[in-house]
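Both complexes shown next keep subunit A, but they swap its partner, so subunit B is in the first and subunit C is in the second.
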Partner chain A sequence: MSLVAEAFVSQIAATEPWPENATLYQQLKGEQILLSDNAASLAVQAFLQMCNLPVKVVCRANAEYMSPSGKVPFIHVGNQVVSELGPIVQFVKAKGHSLSDGLDEVQKAEMKAYMELVNNMLLTAELYLQWCDEATVGEVLEDVDQCCQALSQRLGTQPYFFNKQPTELDALVFGHLYTILTTQLTNDELSEKVKNYSNLLAFCRRIEQHYFEDRGKGRLS
Partner chain B sequence: MGTVHARSLEPLPSTGPDFGGLGEEAEFVEVEPEAKQEILENKDVVVQHVHFDGLGRTKDDIIICEIGDVFKAKNLIEVMRKSHEAREKLLRLGIFRQVDVLIDTCQGDDALPNGLDVTFEVTELRRLTGSYNTMVGNNEGSMVLGLKLPNLLGRAEKVTFQFSYGTKETSYGLSFFKPRPGNFERNFSVNLYKVTGQFPWSSLRETDRGVSAEYSFPIWKTSHTVKWEGVWRELGCLSRTASFAVRKESGHSLKSSLSHAMVIDSRNSSILPRRGALLKVNQELAGYTGGDVSFIKEDFELQLNKPLILDSVFSASLWGGMLVPIGEKPSSIADRFYLGGPTSVRGFSMHSIGPQSEGDYLGGEAYWAGGLHLYTPLPFRPGQGGFGELFRTHFFLNAGNLCNLNYGEGPKAHIRKLAEYIRWSYGAGIVLRLGNIARLELNYCIPMGVQGGDRICDGVQFGAGIRFL
Partner chain C sequence: MAAPLELSCWGGGWGLPSVHSESLVVMAYAKFSGAPLKVIVIDGTWRGSRGDVPILTTEDNIVSQPAKILNFLRKQKYNADYELSAKQGADTLAYIALLEEKLLPAVLHTFWVETDNYFTVTKPWFASRIPFPLSLILPGRMSKGALNRILLTRGQPPLYHLREVEAQIYKDAKECLNLLSNRLGTSQFFFGDTPSTLDAYVFGFLAPLYKVQFPKIQLQKHLKQLSNLCRFCDDILNSYFRLSLGDG
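Here is the complex of A and B:
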């Protein structure tokens, strides 16, 4: 969106409180949704849960055509339709909810850097695995390993990436790692790489328990 | 003996040899008697030979079927009439540019004293004709290329191809048509097409890629068409501000349907008829031959015309339709009916009546619309007999309603629902006839019964089209 349009949308959005009937749209689970789309959707769901904003998940076969940018997931809030994690974070911020307000500039830059890392490495790996399945998978797995190592080191023994409070980075990492760990693929090597890092496993389990099970949402499928 | 040379006679008088009152559009006939004058009119004749000059790729069997009746003529007037009818039939095949008829006495050894020879001199159409146009419209330019191959294999088959390449959209259509030899009204055609449409009143864009096969046949005075159609439809939002109800309909779907249409048309013309009636009934069943959408759709069109004193015509028309979805899925916006506009209920904006969401009109599953018109020639009849004859003044009363029905409620509830909140309008204007296909209207309209959500166009409204309420 252009700068002017963004400013305009923020102004409009800021005036209305979060409604009860906010909905998130994604493709059908099971038979339609792809690995990378599932990760993206989970990331957005985790983020909204962390912000304490209720949202209903609706699965529709034509979700990607409904989306204004062609990408899933997208949320329908009042009269607004916003798609993808980045714009959704912006939109939610305009309404006065933010997870990364407590961070200083350096930490914000660090957070952005890690989000780019996840998008470049993990997302690419998911895309690769869902579309091709060939011999160069070795290189892809190497990248995934490096990415997980970096994340694991950054996380250390803290509960979230920036100590006590979760941020959008936590939501994004959770979305991708959880999808990789739980989706049945022809090739298990990807999830094996992630399982090597016990603190990442604990991290996923913690977020799942805290934001999804405890809120009465039940286990994520 | 004299030769009779008949050219462009339409229509022939139905009574005998009286060439006096010929009717509106007939031209002249020249009879040049030579040397010996005889009263030929009621003399018995026999048509001995029928010759054809100028046939190239056309096969004989289809010609023979069309001219069979000429041999049955018993006297000269009948010969002329049957030859004229045969000429009409040959022109209707769409394979000849020109057909001339020559009637002469028989010469030669086997000639009877009252024998006649009829010769048809024909010029076949070229194998390939093409056209190229450029069109400029609302913020869009396009090139349109058309190709026609008439009489492809010699039996009046026709292939047409049209391709339109524009700055915004591209569309094409390919069609193959084959009539049955000897029975032109029985014909078969296969079409392949891609069309795109933009509907700003619904903020909707639609692209249809489809294939259809249809077969037409006459039963007594009615014409029937049975068709199967398979369409891959892609719907999308026309702008970022489209309502969510339209956004929910975006995406791809496949429609496979069987339909049947019946037409009875006794009007003397399809644009500004003076007399006669039209009845069209169409039904469509989708979903039983595959596809995502499942419904049964019925619609009809009725028009009655009656000439009054002083060259005026009174016309009444009634349209209606109903769409019943089968199964759980709701109906698609691409299948529903729309109401309103210069060609429908005048005084309202295009398709801007009925259910809507945030300014986007969603159409309805049932509708009816009616109109009463009085057409009169222009006052003081300027340019009588010439250009002025193409214009008519017109006074109208239009009414209609469009809504969604809850099919569990039963017919009484539906009738009640269609009868409440009727939109109607009245006014007057000028109609211009364009050839035999289209008409332009400029009306002053006063809309009434406007419901919240309808968009009106009161005052002057301009309309151009083929089918008007």
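Here is the complex of A and C:
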């Protein structure tokens, strides 16, 4: 979204409450959806659940083409359409919902830094594995391991990254890790890397249980 | 007895030991970790062909790219992160990702893509340090490389306009600078009293932006308002690089 459009959307967003019929669009599950897109969609779903904002998930084969930016997932809320986690977080904030308001400036900086780390390393890994670039698999796996180690250290024994309350960082990490753990790939090495970190596994299970199963959304498939 | 370590890198100017971010990151890390580097500044006699510096050369190894060079130095027991906790080590990785994704594109743009800056400052500076005829080719190549790097992280289908990308990358960079300033606060370094890898990276990325005199300086102006970041750069320059630096 251009900067001007972003400001405009924020203005309009502020005036209307969250509607009952908000919808999230992603590609069809199964063969069509890419690893990275699946992670992105899960992250947004987790984020909205954490904010207590109901959304209906709709799978469409042409979701990418429906999206204003060409990126999935996107949400259709009232008469506005917003795509990708970053802009969606801003949009939701304009409506008065935020997960990170309670953080101080230093914590906010940390949160953004860790989100970049996840984008940098896990997203890249997912992209590489999708396109099966054999030559770089070793390096990619090492990066994933380093990233998971960092996330595991940062999480420690806390339930969420900033202790008791989840933030968009938790949503993003969940989206990626859950996708990596549950998607069938020809090569198991990526999910094995994540499985080495028990607190990260517990973290995923906790979010799945609390924000998806308990809300009657059923187990994520 | 370790074999001598030689670092080939771009030279200095405007009070800096190097005007090139990646070279500066390595030079700062070496100072912080006590690694005895022999710095070989690229000048008119340099015969390297690809502009890949900084490059670390030892008896048996040639290592390029700052992250790999720092890893190599750590393995040789030159470790500036010795006192960091595991969490601080994790934070380091995260902040470096932030710098590379949010700050670096705008720094590259300021040096290599913004037309006035590139033609009046960057290109002449680099061209004067590269032997002919490479001086005719290499700066242009570096400029294209910078543009590609920016578009790689920012240009997105279905369409991108350089203007749109430019506005976004400067917005992101300013936000990143604010975040760094908040994180640093009144501390001397990012993790207490001794400098570590993260300090080397922040210094490497910020110092050229802070010191090099460009015609188009919107990001520099923003940085100069963040006095703790400026103090951070000046402190490192004064403490670790106090030599007779001629402006090159």
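Rule of thumb we're sticking to: the second predicted complex is superposed on the first by the 215 of 221 C-alpha atoms of A that agree within 3 Å, B and C clash if a C-alpha of one lies under 4 Å from a C-alpha of the other, contacts with A are read in each partner's own complex, and residues count from 1 in each chain.
Assume contacts are C-beta pairs under 8 Å (C-beta built on N, C-alpha and C of every residue); 3 or more make two chains touch, one makes a residue touch a chain.
The shown structure was predicted, so the numbers you read here are calculated from the model rather than taken from an experiment.
Superposition model on subunit A: subunit B and subunit C are shown accommodated side by side without a clash. Counting residues of subunit A touched by each partner, subunit B versus subunit C, the larger count belongs to C. Angle at subunit A (Cα centre) between the Cα centres of subunit B and subunit C in the superposed arrangement: 100°, in steps of 10. By the touch criterion defined above, A:V81 reaches subunit B but does not reach subunit C.
Once the two complexes are laid over each other on the shared chain, residue contacts for A:E110 go to subunit C alone; subunit B is not touched. Applying the stated contact rule after C-alpha superposition, one finds that A:S69 touches subunit C and leaves subunit B untouched.
With both structures placed on the common chain, the touch criterion links A:M121 to subunit C but leaves subunit B unconnected. Using the contact criterion defined above for the overlaid structures, shared-chain residue A:G156 touches subunit C, although it does not reach subunit B. In the superposition on chain A, A:Q209 makes contact with neither subunit B nor subunit C. Once chain A of one complex is fitted onto chain A of the other, the partner contacts of A:C147 are limited to subunit C, with no touch recorded for subunit B. Residue contacts after overlaying the shared chain place A:N52 against neither subunit B nor subunit C. Minimum Cα separation between subunit B and subunit C in the superposed model: 11 Å. By the touch criterion given at the top, residues 2-3, 69-71, 105-106, 108-110, 112-114, 116-117, 119-121, 146-147, 149-151, 153-154, 156 of subunit A touch subunit C in their complex. Note for the complex: subunit C touches subunit A at residues 86-87, 89-91, 93-95, 97-98, 100-102, 156-158, 164, 167-168, 171, 179-180, 182-183, 185. Of all residues in subunit A, those touching subunit B in their complex are 60-62, 65-66, 68, 76, 79, 81. Every residue of subunit B that touches subunit A in the complex is listed here, in rising order: 235-237, 240, 244, 247-248, 250-252, 358.
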